[in-house]
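Residue numbering begins at 1 within each chain, and the chains themselves are lettered A, B, C and D in the order written.
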């Protein structure tokens, strides 16, 4: 029994062991330099992803007295989170090294972030969902402030911490309602209890608190305030992490908690999510237009993308949820390529803060500019990039639900989004490079080939998968067709 | 009606703490305390429901919440120290560089 | 209603009232140290309520561990940061009515939920079983056997808390002696003991009889 | 060789050439790049001609699937081909024009450092356009559509060092994005209704769609109307119809005149092709047809007026293109799909001719494009002059030239169309004839006649362009002159497009020009002299002659030499003033009014900048909410919670 349970938690155990190993390197072999911590982290993530993809880990079923649920969805999300973490590690190291920020604790916290995501992905009870979420959040708070010389980082971390802790408290309060209703923390029991008492005030209150807390975690308007501040304030390598891996946990949380746990009340949360989605589309995209700071711009654009995801999710039913999961996964890899490009630019010794910093990039580093272009076009939803399919599938779902008004609104906002993404492309390709400043000479440091190659794979993958979109989509559909709780 | 009374007390404390989050415009430390207070209210609620159901799950949950609260407090205080070192102040008003 | 019931009701009413008042105190106190003390007071009161509800062990843990460690840490940091303790709270009075309204609204909404739920208790009423309340042993069994998985995650959470606190606040000052486990591990016998000849050759006189 | 092999060859040859010339340009070198791409496009042209011959023998549509692009479950998209006489004809036109452009580019881009890259773009463009034409489903068509847009973006921004070029590129991209998104929505509407995007299914379902109200309700709009209108917004962006036309004149910033030609003669016809292709859908919606008709007619007239005031030779031709596209649109909207496509074909020839002629002029003038600095060029460039004149006569629809047959067919058809708004459209189109003649011959007179107005240096170096430039001119002049005679009978007489297009309800015979299906071209020409359009055209030419050739030199000489006759000439001069004021000047004023008031204020200012400003203003309002203060954030969160909770409990 226990061995079966342990086997089921294989991915979590591997990553946890990896993180401990990273710490041990730091404590016992300080001379060995953080590069060993980096390699350990990389290997443990790669091994986990490989074993998950090979199907050796995470046999389907309910384990640990309902605390852990392995199903195709958890496996898909685990793999996505693992691959994203791998990319994050690969992109961030050159930048960390160049700016003297590389330390084993950084890699440790990245791994615990991933661990939190894995726990949430396969969370079968309210308790494990909450603990996974907190593990993820605490790691992020620390990472955002990890560069202690950077006042912006401390400010962003403090804001995120206070608001995040508040959101967690709201979520917990909702859990007390659900517990009161069901007498258990297992999602399956909660779902049954909810179905037995439709429309009770306790359910409604739980739905309200859960929606607010989850909207915060995802960064939907009006709970988005932390997003741009954190994207701008965090060190670049951490922004890269914040913008990618946690999104997987957010969609997992939505699926597990709202889709599976509170699915019986979907009529109640659907409306709320629809409002949040429309507001996110509007506010995120409009405010992105006026940003001059690239990372802040991408932060607001992330809010806009969340609007798209919620637009699909609020439809309720497997169709909309599948579209939302697909969009999220696609978004994570687009975001990884975009932020990865910015991070590697900083590793070159360039600044990547404002639009002006990027101007003329196409001539300084054509490949990097091209990779960023792929990422931005994909984010903008230009066919045949992968991002186009994500938008198309969501819109198709929305139209099939006869919500044509919503679809039109989303499309209008997508045009606004295309505008500001294009502005970044324009400054990379058409604007003259900034006047050669004093630090121009020192700037041209080579970026390790390993990182560049992975960025290339990531960016061109957006194109290739856009041309052959079937695999990922059918994987999502498959994952969503055998859900457990 | 012990259940209702306990839940009501917890709700009042929760509401007070939430209001404290935005009425307090001076001191970050008090924000951290409000968070602690919110978790306390949640825990009280768990204990009350647990007693009502006559099971243990609620009490187990309180354990975990206390653990998380401790870790959270540690990180919150650490962040507070970092902010204080950077700004020489824990005034809420001083951390508004990121905006717009 | 028996006397015991009345007693319980009275004790509950007293501590609940103090809990609410001290919670208010946390929010309105001018001095952060006072706020921290109010917080501790509310924790004490909550612990009593928990004990009344039959969660004796948790009540004790809350006081001994949580108040004893976490709250003291909080107080410690407040004092260490040397915050100006007599700041007037600008704008507090101006915003207090709004806060009061929001808090009342929220409390009312939640209260409504419980009230409505309470009226519907009949429909799903599980037995109220005050007799089978937990003891420490049962709690331990649950924690270490059934809920082992979340327990391990909670362990990781604490580890992250520790590492994060250290990463964020530890500064290495020059000239401060500290432990280096890495160096301790790597030490070799040859370097551990250095044999010192107290009387190297060529130094004058071993013993005192020379002359 | 089987038909599908031929189609694949037509598609893949330009693509392969583009890839090789683009990615391996260091390998193949400059000569390699143009030899390779020209060879590929020439072969594609030959194959297209073969395909056309086959479908002439067998009129049924041939539908193939090359590759199935599956999004499992429900949605299945294929890459395939739909070969009928319409697409085969388009393939021939596209490859022919593209071939001419390739050859011409050798001479024109000779000194450009991006020589190989440019050829790569041209071939890529050809590929995308062909993909669009052969597509057998909407998604594939959309892929080609986007490809064409992307290449045009690259071409407009080809000289990205120029800030105006990069601005124009962005503008073109944005306006086309608006259209693309409407296109996407239109596809989505069709997909939601038919559950596939293949033409076959859409055509089969079209009559049902024409009766099904959208949104499943009982509302007034049918699915067919919604889809047709949304798709037409897409088409009108690509085909530069009001109000999404603003990008086309600006796109003339691209390397002269090749990209201009690409945009003006080929790419912009994609929208026309789309509507014609989907004609079975369009005929199901009277509303959509009316919109297409009126937008086309408005564009034809008002954009022509703008051509009168432009001084840049390329811009004149660009406005003329927009105006001619308006004619095509009007033809489609009237239900005369064959006439619209006929005009598309003839227009491709004579507009290509005009653009290449303009390019030849610009080359000779050392990249001077201002017509006020030209004049008298006919003596220096006889070949260019003659061919340009042929193109101009075709453009103004002089009887006998190719443009005449197609344009008069459209006007005739609109005049007899049952679609609502046809009479207004008819008037606008007739007015457009006058305007067309005026701006066309103003251009001819300003450039080739009169006194040379260029500086001495340029004048000393004036000479006819090299053979690579003049040869395509001559090659294009022949079809511009003769195409009408050859194609009139089959295209309009009825049999060629039999079964390709949807027909209006009540079997209205708009596929045919006149009540007499056996009308010969000669009889059509003979009949033209009694039509108002002919005299309007003559009036336009005369006005141009008066205003831009005759008058400028006259007053000074007359006043000096013949004092006695001066008054008489003053009298005549009044007529002149009358003409000038009422016709030319009024037109000029209206044109300028439109250009500043309409074009710049309404379109640029109102639509493009205005929406940008609106977005900016809203964003500025929203921005201060994020004021960086923690308690603000917390308050909004709590307020949201209270509101959500209240809402949940109240409902």
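Criterion: a contact is a pair of C-beta atoms (placed from the backbone, for glycine too) under 8 Å apart; a residue touches a chain by one contact, two chains touch by 3 or more.
Please read these numbers as outputs of a predicted model, since none were measured by experiment.
S.K.: Between A-C and A-D, which chain pair shares more contacting C-beta pairs?
M.R.: A-D
S.K.: Where the centre of all protein Cα atoms falls, which chain's Cα centre is nearest to that point?
M.R.: A
S.K.: Using C-alpha centres only, name the chain that sits farthest from chain C.
M.R.: For chain C, the chain whose C-alpha mean is farthest off is D.
S.K.: Averaging over Cα atoms per chain, report the distance between chain A and chain C in Å.
M.R.: Distance between chain centres: 31 Å.
S.K.: How many angstrom lie between the centres of chain A and chain D, each centre taken as the mean Cα position?
M.R.: Spacing between the chain centres: roughly 44 Å.
S.K.: Centroid from C-alpha atoms only, then distance chain A to chain B, rounded to Å. What do you get?
M.R.: Chain centroid spacing, chain A to chain B, equals 26 Å.
S.K.: If you average the CA atoms of chain B and of chain D, how many Å lie between those two points?
M.R.: 65
S.K.: Scan chain D for residues touching two or more other chains and write them down.
M.R.: Only 623, 626, 628, 630, 632, 634, 638, 641, 645, 649 qualify.
S.K.: Which positions in chain B are in touch with at least two other chains?
M.R.: Within chain B, residues 14, 18-19, 21-25, 31-32, 52-53, 57, 60, 64, 68, 71-72, 75, 78-80, 82, 95, 97-100 contact more than one other chain.
S.K.: Chain C: which residues touch two or more other chains?
M.R.: 102, 106, 109-110, 112-113, 126, 147, 150, 154, 157, 160-161, 164, 168
S.K.: Just say which it is for the chain contacts: an open line, a closed ring, a star, complete, or other.
M.R.: Here the contact pattern is complete, since every chain touches every other one.
S.K.: What part of chain B is in contact with chain A in the complex they form?
M.R.: Going by the criterion above, the answer is residues 14, 18, 21, 28, 31-32, 35, 38-39, 41-42, 45-46, 49, 52-53, 55, 57-58, 60-61, 64-65, 68, 71-72, 75-76, 78-80, 82-83, 85-87, 95, 97-100.
S.K.: Which of the residues in chain A end up touching chain B in this complex?
M.R.: Result: residues 127, 130-131, 134, 138, 141-142, 145, 148, 151-152, 154-159, 161-162, 165-166, 168-169, 172-173, 175-176, 179-180, 183-185, 228-229, 232-233, 291, 296 of chain A touch chain B.
S.K.: Could you pull out which chain A residues touch chain D in their complex?
M.R.: 158-159, 162-163, 166-167, 170, 201, 204-205, 207-209, 211-212, 216, 222-223, 225-226, 228-229, 268, 272, 283, 286-287, 289-290, 382-384, 389, 392-393, 395-396, 399-400, 402, 404, 407-408, 411-412, 414-416, 418-419, 422, 426, 429-431, 469-470, 473-474, 477
S.K.: Give every residue of chain D touching chain C within the complex, in rising order.
M.R.: 638-639, 641-642, 645-646, 649
S.K.: Would you mind writing out the residues of chain D in touch with chain B in their complex?
M.R.: Result: residues 623-624, 626-632, 634-635, 638, 641 of chain D touch chain B.
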